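Right, I'll just put the structure down here and ask away after.
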Amino acid sequence: MTCKSNADLQIIVDEVRSFSEKGAVADYIPALAKVNKTDLSVAIYEKNNLCIYAGDYMRNFTLQSISKVLVLALALQDRGVDYVFDRVGMEPTGDPFNSISKLETSIPSKPLNPMINAGALAVTNMIKGESENERWERILQFVSCLANKPNVTYDVEVANSELETAWLNRALCYFMKQHKVVEGDIEELMITYTKQCAIEMNCFELARIGAVFALNGLDPETGERLIPIHIARICKTFMVTCGMYNASGEFAIKVGIPAKSGVSGGILGVVPEKYGIGIFGPSLDEKGNSMAGIKLLEILAERYNFSIF
Amino acid sequence: MTCKSNADLQIIVDEVRSFSEKGAVADYIPALAKVNKTDLSVAIYEKNNLCIYAGDYMRNFTLQSISKVLVLALALQDRGVDYVFDRVGMEPTGDPFNSISKLETSIPSKPLNPMINAGALAVTNMIKGESENERWERILQFVSCLANKPNVTYDVEVANSELETAWLNRALCYFMKQHKVVEGDIEELMITYTKQCAIEMNCFELARIGAVFALNGLDPETGERLIPIHIARICKTFMVTCGMYNASGEFAIKVGIPAKSGVSGGILGVVPEKYGIGIFGPSLDEKGNSMAGIKLLEILAERYNFSIF
Amino acid sequence: MTCKSNADLQIIVDEVRSFSEKGAVADYIPALAKVNKTDLSVAIYEKNNLCIYAGDYMRNFTLQSISKVLVLALALQDRGVDYVFDRVGMEPTGDPFNSISKLETSIPSKPLNPMINAGALAVTNMIKGESENERWERILQFVSCLANKPNVTYDVEVANSELETAWLNRALCYFMKQHKVVEGDIEELMITYTKQCAIEMNCFELARIGAVFALNGLDPETGERLIPIHIARICKTFMVTCGMYNASGEFAIKVGIPAKSGVSGGILGVVPEKYGIGIFGPSLDEKGNSMAGIKLLEILAERYNFSIF
Amino acid sequence: MTCKSNADLQIIVDEVRSFSEKGAVADYIPALAKVNKTDLSVAIYEKNNLCIYAGDYMRNFTLQSISKVLVLALALQDRGVDYVFDRVGMEPTGDPFNSISKLETSIPSKPLNPMINAGALAVTNMIKGESENERWERILQFVSCLANKPNVTYDVEVANSELETAWLNRALCYFMKQHKVVEGDIEELMITYTKQCAIEMNCFELARIGAVFALNGLDPETGERLIPIHIARICKTFMVTCGMYNASGEFAIKVGIPAKSGVSGGILGVVPEKYGIGIFGPSLDEKGNSMAGIKLLEILAERYNFSIF
């Protein structure tokens, strides 16, 4: 284990907590704005539930964009690599995560990658199921399995609030429907997508999901295969090239591990072959990443030589 | 009157009909594709129902984008010049009429002008009324009044067909809703907008509407004021700077009169102080303008010195 | 004559001078920044040197972008309409005058119109001549002829200063050279273009040029044809659709006459069949147009019903 | 060593050579077009000159864009990390390598990363030296040192030919000069940049350079430090996020190693801690990468588990 003890880790957490001051909590929906700006918790999961923690690591938060990489792993299993990447690209972009311009200027119209909103919406649209409800249940079950948490839930208030105000995501969906990148009813897709973003868990559970990716798809307790190895790799690759919004390039240089962040302030980190990391720090920088969370990863990466480069 | 007789005009119509061959009829909805590609009719309205015609001038067609300029005239009366142009710009654009990119890159987000789809949708959203139905009735009544046609109708099949497939316009609406350029229910707005585009009339009636603008808002029969003079001017100005999609600049140079076209193949033309012109020629060039209709206007403009420049 | 006397005109000038306060003088080169911000002069030329003035109408200023429309008139005579518009478009744009993006996204690469910098540079590149010097002499001679000023000169300090700092125009030129829109040596082209922009004259002379366009190309004293009628019309059309940078649409609505402005604060106005107008007011709005100059034209247009719409 | 023998490697080379057929040799300058389309050679360098080869591995080719990553390593040493990234970004982009639009739409104007042309030109502009010649000599000496080749040369014909036709790169330079991202004389910068792209070597030498990066900056023979470790890491990170033009994301998923390609058909590959790889296969895909070279790396990566993800 990297840090010998929870106490070691707590020292670093206390060290970087002040970075929360400069950022701001997401407040585009009231439910997200209710958190304490200086909260900061982290869990590092090795295997067999060997894990160290710091901060209020049992506090729940919503996955938001972190869910994109999990649903991608499911869609790749449901549809295969070729089907998915016929509809969504593999290239990182310097544009903001919610940009629509490139959909218009690309010929054929195709979201650049599955980590921007357009791409993630298209990926959720690919999940198999007879009904929207069945698709949603399959997503929930898959995340439960990764987190080893039998009853994964979602924050109904957050989901409803986002559903009521997600005009930009609707614009992306209708634009993609025009270009046959998504199909079916857009409101149903929006319901599933906003629920997926509102899935809630704590740092420990998120770190365990990270450990699955670190082990290339194996359950860190049972050794059972939860994700095919080639799909785990694809997911980690996207986490490096476009996991941290349009600060992914900078994060790759300064930290150098696969990671995916969400506007709730969560970060899913993966140290290949070694650890899964779960972080919650709701104060965001201007790109939408947890300010203290990123600083924490920078220190850990430097101290314990995490970088894959 | 410019042409001394219908026969004179018919000669020109026959002369330019062949230009229809190179174009294509709009076929994005089945109802629009049903027309005869080489149809070409025209009416030139002077005043007091003094009018000359050629072709099958009683054939009905849908207004499509021509409706944008009529609804703009109503919105300007409903809301005033400042309200309208706080929300929609006055500048022409080289981008296609259905482009969304500029909405994203403009700060604040604002449709460039009321003749592109985004701007027209925002304008329709401004029409006053207690309910969507009342707004629609007011549009219909205003158009009736301009055309002096008591029971203006719309093509239900065309309207429904567009409503079912107008994903791109929905994308524009939701994008503008995000940026507070439009408000209220988007599906209701879409219903009104698709009906407005499906309003049907013939060349004669369209020419009469043109005559109202030519006379700066006066009824060409009764002399009654139907549109305030400053609003009639604003409408004519937009018809010059952006009435013919992104071929407006070329049309201003080659023809030089205020005009507005629609993908049905209709063109509303205005020769200030003199005539209103209505044309129907469904074969379109790649910009979406009636091929034979534009050629017809080029010849008329040259022969009778129509250009305002 | 519109205003009965110089005194009438002076009253309006005094009325709008205060609008200069809110703007700023162009200061990207020191030579331009030396002027007095509240200067405001105007001349309205009818014919046979019948002209009224107000302000310091004999003060020289440089043409800057106003030169674009004059050189276009010469290029159209040198090369013909088809040659010119094969290389430069006819469409207005909502983009800034010095934008390069659209050159990249348009296929084939082609400046949208001759009034933005890219288009104007391409037009200057079309002027006929065995050498760059001959091309320059021909431009100078043509402007002399329009202004009826035997020895038109240019401000050497302004020209040199712009030549030393015009990196963006060089970028546009090299981009167009890549796409074969311009040919030959770029530095030579830059020298001619910066000289053309630095041509100096006063309001009276500028108003006389406006009168040539108002009379569709005829000399307002001798009646001699200086510009073919179809070319005079093309120039006036561009002045309406894109003469006032990306405020052209608004100007068309609020004033409604062909006009071309420059960052020196000059405006060339044309009231078809009637007057040429020359204005100098160096305090600019954020789009680059003379603040007091535009206000002056708004008042004149409303009072004397100048609008062509 | 991965492949036990040259014979093993030759079998793979023969297997993928047919992929050359579908691509095309760069022909924008005559000197580049002279090569044999189906050439394919590769060297894999371990350490102490332990290396296996296949194909005509002693054939020289020019580095082209591969030079970008080498000059970046030097600039980071010359100026430090902060100076460099104040002027050039760290983010990958979905835009083509020679795009200029994003320079205009980004505020402040800043090339997105050092691997696109704009960024690479800015980086070359940062190399220290009293004169352009001294800067060039320092680049040459640094590359010599990495390749352990005392007299690294450049292809004068290629350099001159590119210098004569590189209008787009000049456009990028002048645009950046306007925005103060580059300074000094642009023609001098162009001379250095075109020479740098024309540096020539063979696969063996390129593989040796790769080994330096694989060993995080250490000389693979002497163990001497040639590049500081943090700079070697930065370079490898950019090779992953943006080394293969706008196919970098796809390459990261399919191959998963740091790599940089050039339009000559060269590829520099790095298997961290293990090997440097040099490839020459001049037949390019539409993104500008060696078709057979990429296929070769896909097979090697899969067979010998090269991916860092």
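A, B, C and D are the chain letters, set down in written order, and residue numbers restart from 1 in every chain.
In this section, a contact is a pair of C-beta atoms (placed from the backbone, for glycine too) under 8 Å apart; a residue touches a chain by one contact, two chains touch by 3 or more.
Which chain is which protein? Per UniProt: A, B, C, D = Glutaminase.
The structure displayed is predicted, hence computed values, not measured ones.
Participant: Using the touch definition from the top, how many steps at minimum link subunit A (Glutaminase) to subunit C (Glutaminase)?
Facilitator: Graph distance in the chain contact network comes out at 2.
Participant: Please flag the chain sitting at the greatest distance from subunit A (Glutaminase), going by CA centroids.
Facilitator: C
Participant: As a multiple of 5 degrees, what angle does the CA superposition of subunit A (Glutaminase) onto its copy subunit B (Glutaminase) give?
Facilitator: With C-alpha atoms aligned, the rotation comes to 180 degrees.
Participant: If you list every residue number at the subunit B (Glutaminase) and subunit C (Glutaminase) contact, are more than half found on both copies (same) or fewer than half (different)?
Facilitator: On the two sides of the subunit C (Glutaminase) and subunit B (Glutaminase) interface, the residue numbers are mostly the same, over half being shared.
Participant: Could you grab the centroid distance between subunit C (Glutaminase) and subunit D (Glutaminase)? Build each centroid from C-alpha atoms only and quote it in angstrom.
Facilitator: Those two chain centres are 48 Å apart.
Participant: What is the distance, in whole Å, between the centres of subunit B (Glutaminase) and subunit C (Glutaminase), each centre taken as the mean of its C-alpha atoms?
Facilitator: It comes to 32 Å between the two C-alpha centres.
Participant: Using mean CA coordinates as chain centres, what's the gap between subunit B (Glutaminase) and subunit D (Glutaminase) in Å?
Facilitator: Distance between chain centres: 55 Å.
Participant: Taking each residue of subunit B (Glutaminase) in turn, which ones touch at least two of the other chains?
Facilitator: 105
Participant: Taking the complex as given, what residues does subunit B (Glutaminase) use to touch subunit A (Glutaminase)?
Facilitator: Per the touch definition, subunit B (Glutaminase) meets subunit A (Glutaminase) at residues 99-101, 104-105, 167-168, 170-175, 177-178.
Participant: Enumerate the contact residues on subunit B (Glutaminase) facing subunit C (Glutaminase) in the complex.
Facilitator: Contact set of subunit B (Glutaminase) toward subunit C (Glutaminase): 89-95, 102, 106, 112-113, 233-234, 236-238, 240-242, 246-250, 252-253, 256, 258, 272, 307-309.
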